[in-house]
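Pasting the structures here.
In the two assemblies presented below, subunit A is common to both, partnered first by subunit B and then by subunit C.
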Partner chain A sequence: MTAQYLSFGALALVTLWSAYKVVTARLITHAALWMALSFTSVSGIFLMLQQEFIAALQVLIYAGAITTMIIFAIMLSSIREIRVEPQEKRSIGQRIRASGLLAVVVGLVFAAFMTYVYYVSEIPKEAVPDAGLLTVRQVGATLFTRFTVPFEVASILLLLAMIGAIILTAKETE
Partner chain B sequence: MPIDLSSVNPNLLIILPPGVLAVFALVVLVLDLYSQEKRWLAGLSLVGVLLSLVALWFASRPGAVPPGDYFGRMVTADHFTFYMVAVLLVAAGLVILFSMDWVPRRLPKVQVEYYELVLFATLGMMFMAASRDVTLIYLGLELSSQASYILAGLLRNDPRSNEAALKYFLNGALASAVLLFGLSILYGLTGTTYLPEMLVALGQAPLPLLVTAMVFVIAGFGFKVAAAPFHLWAPDAYEGAPTPVSGFFSMAPKAAAWAAVLRVFLEGLSIPQVMDKWSVLYAVLSASSMLIGNLTALWQTNVKRMMAYSSVSHAGYILVGVAAAARAPEVGAGAVLFYLLSYILTNAGIWAALVALENQGEGTEMADFRGLAQRNPALAWSLLLLFVSLIGIPPTVGFFGKFFLFRAGVQAGYVWLAVLMAINSAISVGYYYAVVRNMFFEKTEKPRLELGSSLQAVVALSVLAVLVVGLGSSPVIQYAEAALGLLGR
Partner chain C sequence: MSLADLWAQHWFRAFVTGSLVLVFALGNFYITLWLERKESAWIQNRLGPMRAGPQGLLQVLADLFKLLQKEDIVPRNVDRILFLIAPFIAHIPALLIFLVVPFGPNMVVADYDIGIIMIAAVTSYAVIATFIAGWGSNNKYSLLGAMRGAAQMISYEVTLVMSVIGVVMMAGSLKLSDIVLAQAERGVLGWYLFPQFIGFIVYLIASLAELNRAPFDLMEAESELVAGYHTEYSGFRFAIFLLVEYVHMIAWSAIAATLFLGGWVGPTPADIPVIGPKLFGWMTGPVWDNVWGFFWFLFKTYLLIFILIWIRWTFPRVRIDQLMDLGWKFLLPVSLFNIFLTGVMKYGWNVLAESGSPLRWIFWLWR
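Entry: the complex of A and B
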């Protein structure tokens, strides 16, 4: 049990830290790589839940395909680096905002609150039926029976995202 | 091991309205590549919306689709679905109609993409309204939100449009995350995403966690419907986004979000332990939205921004119905559904007028309305009637909408909220009157304001609907109240 907690804690920490670095990294390519790390550690959490197939998908699709896509997108755009112009005089309010202190405080308060809520809640045992090991076949069958409509809507969502990316970034040509 | 298909329960007729819309969206997308002349594709999008409405009419005839869940319990056939999908399609049709002259002028490069995005957003909203499974509700929400973010940023060379898109996107992403967090806790507690099963399983759920999840869901939806204090993105998004897009924002995505709110809370979270809690929370949100929206709107000089605050206050009015729905479900939800229709019909005409001003190369400041009665008397009088409807004065549809909300509030024991709503309606006279004063009592040298035929059609439809639906409100409200009776209880 302790090993389980420890490994979950380690994976959660890596996920959170890399997610934080995604937002704060100055070079966008670095941000993309941090994101890949975050995805990979999420797949570790899937492994802990004994969902090998989902974990493999997470690595293949998110850490593999999506990160590659993002790096391609970065290469196609002209933005490489995010620069924050240092200001000569900054008020105390601006300094506090820039330091990220507020985010840390809000995050900690939130974490403490959620921990408290989970602590006082008695979660019924066996509330969620154990899904067991999902086979590829089961995933496929569910996707094409119960989840047909959401699956199609998700496809349209991806198409829309692609159209949107093209509209918003295409070079203006005469 | 063959795959068991018996649980799918497909029904072509119930999926036909969104199906038709999706097919038209894709056809328009492909035709865009091959046609030089783009204007007719706007007409084709409109035809798609109308055909989707026809398909909906076929599906909603009594006995055509037996009430129930189809496609693996994802798509629901009931009066609620039919009513909301019809309302959303009407909104989409009106938006396409009032954009037809504006888009070729201001967005010559992405004309067809504009209609594409409106169609895709509408498709997502239809699924939000038509499902009792939070998976599909959430996916529909994402589809419509993503399309909206892109729509807000279509004026690429206008920094305010970029700002609007960015603010809308960041706030929307945060809202989605908060909503998803709440929904994931609910799923963890119950093991299902299907709302009726969730309702049964929630009986044994621990209360602190359940209430926390509920608060997250309320906050997430609060962002989407721009209820104060989650409304801060709305004024900037409305002001910066292209004008017809702002009109679209104020009409369709909010209506769909309200449909999702009613579904999730009345079907999934209506166990007695939490019902009163979310009811009170919504009542508080309602009071703050009405007050903040109306009082801030008084100081605006830009009409688009004013309409944004006005929509915040209208979210407050609608929340009266949502809060009341916890104690008097039929009356409360019926009033909300009716109000959504009335708000969309009224708003279409007002936004059409703003689009008309921009079509002549003018802005949307309060000053641009000066002397409108001189420049186009018909439009000025129409606008007067529409503002009267937004304030809620008989015999317009706005009055009946507010009346039903008021009745629901009183029946549910929220007399203070109902009274606050009446007071706020009086406050709102102040800022609508500012526009009316500019229109009627200021002189101008500007030439006559011409509306294209499509804009004329929208204003005429809007005015007609405000009067007809207002005076003939009883069948509509009866249908709306019956819609909830079939929600599966």
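Entry: the complex of A and C
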């Protein structure tokens, strides 16, 4: 049991620290890589819950596809470094923004809200017997029986996004 | 505490099996590197390394020691931490793939139900590692090589997974050991190579591209990009990139052997008719099953490694636009067609298997 808590604590620490670094990293590429680390440790937490399928999907989609896409966006947009230039004169609005007061307030409100949700909601004491291990077979069967229409709608949405991306990026060749 | 008690402990088993996988990967890296040198020499009508040890067997050791002795140069303007950790991150996916590969009956480190999805998932770290190496080097050629490599790897990853789906449909499982057992049940030469021949060819080409080996080694095309993403690396960090390339090659060959060539399934001397049971009857039992299973697994893996090396030293490098056209406009549609074909043929066999119609033999291969 202690080993479980220890490994969960380590994974949670890595997740939080890398999420913090995503926001504060000076280079945008570093932010993308910290994000990949954050996603990876979240998939570690899924593995601890013995949900291998979701862990693999987390790695495949988030750490793999999305991070790669962000890296491509960075490389294609030729932004190498974002420098924050120190300014001499600042208006009050800028000073408030720079002080990070807003971030603290929003953070506190969010933490309070999450704590409230945590206390109000009922956590099931025992595992639901039906839930069990989520297998690929179950997911596939549910996708193609109960959720056929949402699945197809999502497919069409992705197709539209793909066509839109091609139209937006294709250069007009004469 | 006896050894059996210790074996029941998860941490101990994980430690031992993980170490064995590491030893397996490193040992086969050695042999594969030697094989590459010798095979390239044979193809080019040379002898290859002959001086160090019999048939140059110690040449790889000498090379590795040479690389180990070299100064570990970190250029001044690199992104230091990323530059230093990139080879080790590149190492992760290559070794993780071996976790789900069945080396023999019951010889698998972590028999996940989602074996193939896990392989596809961990492969994505290879792209990130390539990018880290290319970006961290702060070098135009490195970055160009890394960008090419990332584009190439994500394009061919799609094709690679699509080519394997046919096998998954035939076996009805994503678990690699189940796929091997399903092939064993199909009897003599029941390998998925025959019904999934299109899938096998597509897998072979896509895995070559995924490995960045010639004819698809565009990310380290020495005539254009010096050495691509590892231009700035020297000494042992360079050796680790070399190691990663070969361990990846072994891993992809092992997976191809498992999915298409029946994995560890193969005849033993005890299966020889008439004289077999009499002479080699003592070669049965769980231990001998494992030994012969491992032997056949290694044999099939090395057959595929041999073919991969053969291709590398035979074909010239393709251009980047040809590579992308091949991946997206030819291999992907072909692998989608293979999925369609497998579905139709499997359905046909399911419908006609019980009937006496002679038409059913068309679908027999997809039984």
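Just so it is clear, the second predicted complex is superposed on the first by the 113 of 174 C-alpha atoms of A that agree within 3 Å, B and C clash if a C-alpha of one lies under 4 Å from a C-alpha of the other, contacts with A are read in each partner's own complex, and residues count from 1 in each chain.
Keep in mind that, in the parts below, a contact is a pair of C-beta atoms (placed from the backbone, for glycine too) under 8 Å apart; a residue touches a chain by one contact, two chains touch by 3 or more.
Please read all numbers here as calculations on a predicted model, not as lab measurements.
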{"item": "First (subunit B), second (subunit C), both or neither touched by A:T145", "value": "first"}
{"item": "Which superposed partner A:L168 touches (first subunit B, second subunit C, both, neither)", "value": "first"}
{"item": "Which superposed partner A:G107 touches (first subunit B, second subunit C, both, neither)", "value": "neither"}
{"item": "Greater subunit A contact set [subunit C / subunit B]", "value": "B"}
{"item": "Which of subunit B and subunit C A:G9 touches, first, second, both or neither", "value": "neither"}
{"item": "Touched partner set for A:A56, first subunit B, second subunit C, both or neither", "value": "second"}
{"item": "Partner chain(s) touched by A:G64 [first = subunit B, second = subunit C, both, neither]", "value": "second"}
{"item": "Overlapping contact positions on subunit A, where the subunit C interface meets the subunit B interface", "value": "none"}
{"item": "Touching residues on subunit B, where the partner in the complex is subunit A", "value": "1, 3-5, 7-8, 15, 22, 29, 71-75, 109-110, 113, 116-117, 120, 123-124, 127, 133, 135-136, 139-140, 142-143, 146-147, 149-150, 153-154, 156, 165, 188-191, 201, 204-209, 212"}
{"item": "Contact footprint of subunit A on subunit C as seen in their complex", "value": "79, 82, 112-114, 117-118, 120-125, 127-128, 131-132, 135, 143, 147, 150-151, 154, 174"}
{"item": "List of subunit A residues in touch with subunit C within their complex", "value": "27, 29-30, 33, 36, 52-53, 56-57, 59-60, 63-65, 67-68, 71-72, 75, 135-136"}
{"item": "Footprint of subunit B on subunit A - complex, ascending", "value": "114, 117-118, 120-124, 127-129, 137, 140-141, 144-150, 153-154, 156-157, 160-161, 163-164, 167-168, 172"}
